[in-house]
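For clarity, chains are labelled A, B and C in written order, and residue numbers in each chain start from 1.
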Amino acid sequence: MTSVRKMTALTRAGITESLQFRLGTAVTLFANLIYLALVYYLWKAIYASSGTDVVNGMTFYDTMIYLILATAIFNFLEMFIVWDMSRAIQSGEIIMHLLKPMRYRKYIFWSYSGSLVMSFVQTFIPTFLVVAIITRGAIPMGWNLLSFAVSLLLALVVNYNIEMLVAPICLYTESTWGINIVKETIVLLLSGATIPLAFFPEGLRRVVDYLPFRAVYDIPLRVLLKKGGTDTWQGLLPALGLQLVWCIVLSILGNLFWNRAVKRITVNGG
Amino acid sequence: MSEAVVMKNVSKQFKVLNRHEGLKGSIQDLFSRDYKIVQAVNDVSLTVMKGEIIGYLGPNGAGKSTTIKMMTGVLEPTEGEILVNGLVPYKDRTANSENIGVVFGQRSQLWWNLPLIESFKLLRDIYLVEEKDYQDMLELYRSLVDIEPILHKPVRQMSLGQRTLSDILAAFLHNPGIVFLDEPTIGLDVSMKARIRELILGLNEVKKTTVILTTHDMGDVDALCRRIVIIDEGKKIYDNDIDHLKNYFGSYRTLRMRLSDDSWVEKVIDESKTDVMHVIAETQKTSRIKDIRLEEISTEEVIRKIYEGGQGA
Amino acid sequence: MEKSLRQKRGFLFYVSIYKKILLQDLKSKMSFRADFIISTFGMVLTNLSGFVTFMILFHNFPSINGWDYHHMLFLYGFSLIALTPVQCFFDNNWNLRFMVRSGDFIKYCFRPINVFFYFISEVFDVKGLGQFAFGLATFIYAWAHIGIPVTAVTIAEAVLFLITASLFMIALMNFAAATCFWIINSGYVMVIMFRFKDFAKYPASIFNGVFRFIFTFLIPIAFVAYYPSLVFVTPDNVPLLSWLSPLIGALFFWLSYKFWMLGVRKYDFTGS
């Protein structure tokens, strides 16, 4: 009970903090809208040039929804854990965190939860509604929304675990920028956030299927668009199951790595 | 002697958004235009002569840093006039910075990854210092403090003390008329403090540099300043010689008495009002006194009395 | 006396100071080899990822809006080169918001040199050179395949248009970074602006009226590659905007610089 209260306290603090970013919110919304327009026109032109309506099982609207919501999920899920941890390490603040009763990994998750809730409400939901209205019913509205919510939550945990698996590298090198860009590039490309996985050539797609990244963007979006048989239990459960498996595997790996990496602090004394 | 700094009725106000408490409050803040005016500096006039070292004191948030930022040309005063070396700092920031040096304690201004000597060379080029003057200055530094161990070390690898030392040396390098030192000894150990004070004193003596020093360390004040200015809540509440300060409080003594239970009792006594012997006699009525010490009041206590009592002089 | 000193700090003065800082910076960077390797790897990877995206796109769609593979490649290479200077020379803009927030920014205001120059000169990003090499190779390959003549004039044009095109992205990032003087989470503004650059490599003709106006005049990413490339891609039919792009670039950069400096002057420096 007390730990739940402790966690919700962090969530509340996070919400308060992100609300104080007044003007910033407006700017972000505006910039996102422009970004959406960019994606829209680019793909409209691409489809217009191709001469057919359906490419690799994706209609223009499917692709639009997929990419725009991928961007929205990107904004929603974006955590700066690598940067935060690197700064905490370089300033020595990390020691203070290690002294806190809540475990550091948990602490980070819950202190991000507030801003996650806020960005979900402030950017994801508006984007989702705008897309749903503009594409005039191209987003199926049914049970898939519920499965999508579940899948999105799992995606959040997978993404957090990827971040937490990468961030402790900061204990070994000061190259925060490098680590972050490598992580981001790999995740964005191989998860389908840049270009839908449906468009990937066969060989590349087979590789991507065995990597955790598609659990962050591709799976939730497929579930939402009822692609790849996810509109039936036989298709949905393995998809969600795969996400769950990645949550567990990455979390275990992250824990092992963190425990190993953190010994460096205690050995070196910061 | 002529004036290095002249401030006439200077005020500085900041507009700060009124933030509300808690979750509901920050939703209000999202839409509110509720600003409050903070008066950081309030009608301060001040003249500093060339070659002086003045201590610019005050409790946290009194407006010391704001004053310094105005004198260095970073902030524009809301009201009043400032002249530094005959220039209006905010209007002519570049020209003004030619003739000033600034050190903000704990905040290095040097190139983080460069060895100190390379930072010096860059500063030499930036300030267009003649090679001969530059070499003379390095020579002077060598005579005042042992710079060899830090000269080839990157700033990022230095201890806080070494960094502060480096920053002070860098601030004097182009032989400016005025150097502003904002809490230069904060967080340093006793011996480093002593070295830094000696260095400042030495540079002031040789180069006749005006030094404006803010500090919370009365050791700095005792070692360096002949004159102190105190501000509180943006207002100047004291401006005079440190000797005058001590004279003013000269009739104060600290009486320390060891009582029968071996505890020490401390009393600050104004001799012009109360007789020391009288206090001793009074105390003896309740307890036996085993030992007595009578001390001059320290600068620290004087300053504390001024902070607490508002208008001291 | 002040006058004469200021005259001494002319263009050559700044060039020589920049050279010295750069040299020292490179020397010190050599001592962080691991950092250098990881960052370079990251940079190569982002470029590779961009290229893979490009190839996947053309795997599915043979042409976009009348632009075939080699023309698109030309645009792509052009954008990569034009985006190099912002990466190499203006990378410190990314640190601006942290320095302003912590109060450390104030140190740039105490020297008798231009604040913007002083701040920007502090960081030179070596890894941008990898992107330059990547872009140059693509550019030359596409140039040869399209069959653009190699003459002194076309080469001079290429250099001029590449340099001025790069000013647009630099200016955009200046604007984005300087917002931190007014708003708190300006990090998002920078991230979003930086993401816009991904669209520099597509022909702006795909946008309709309103958005073409926005991407031409408000967030001018169409100038990073599209307009200047038309000089080479469709030499018989070059719109006026393409020829004007060097001028507009210079103006836009100057405006962004003024905006940045306005931020410095307006900021309270209360962060201490």
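Everything below uses one rule, namely that contacts are C-beta pairs under 8 Å (C-beta built on N, C-alpha and C of every residue); 3 or more make two chains touch, one makes a residue touch a chain.
Remember, predicted model here, so these are calculated numbers, not experimental data.
Undergrad: Look at all chain centres (mean of CA atoms) and spot the one farthest from the centre of chain C.
TA: So the chain farthest away from chain C turns out to be B.
Undergrad: Which chain has the mean of its C-alpha atoms lying nearest to the mean of all protein C-alpha atoms shown?
TA: C
Undergrad: Averaging over Cα atoms per chain, report the distance between chain B and chain C in Å.
TA: 43
Undergrad: Where the CA atoms of chain A average out and where those of chain B average out, how many Å apart are those spots?
TA: 49
Undergrad: Please tell me the distance, in whole Å, between the geometric centres of chain A and chain C computed from their C-alpha atoms.
TA: 28
Undergrad: Where in chain A do residues touch two or more of the other chains?
TA: Counting only residues that touch two or more other chains, chain A contributes 20, 22.
Undergrad: Could you list which residues of chain B touch at least two other chains?
TA: Where chain B is concerned, no single residue meets two or more other chains.
Undergrad: Can you check the complex and tell me which residues of chain A touch chain C?
TA: 18, 20-24, 27-28, 31-32, 34-35, 37-38, 41-42, 44-46, 48-50, 55-56, 173-175, 177-182, 185-186, 188-189, 194-195, 199-201, 204
Undergrad: Given the complex with chain B, which residues does chain C contribute to the contact?
TA: Residues in contact with chain B: 2, 5-6, 8-9, 16-17, 20-21, 24-25, 28-29, 103-104, 106-107, 109-113, 122, 268-270, 272.
Undergrad: Which stretch or stretches of chain C touch chain A in the complex?
TA: On the chain C side, the touching residues are 32, 34-35, 38-43, 45-46, 49, 52-53, 56-57, 59-66, 179, 182-186, 188-189, 192-193, 195-196, 199, 202, 206-208, 211, 214-215, 219.
Undergrad: In the complex of these two chains, what residues of chain B are touching chain C?
TA: So the residues of chain B touching chain C come out as 14, 65, 69, 72-75, 87, 92-95, 97-98, 100, 102, 104, 107-109, 111, 113-114, 118, 121-122, 125-128, 154.
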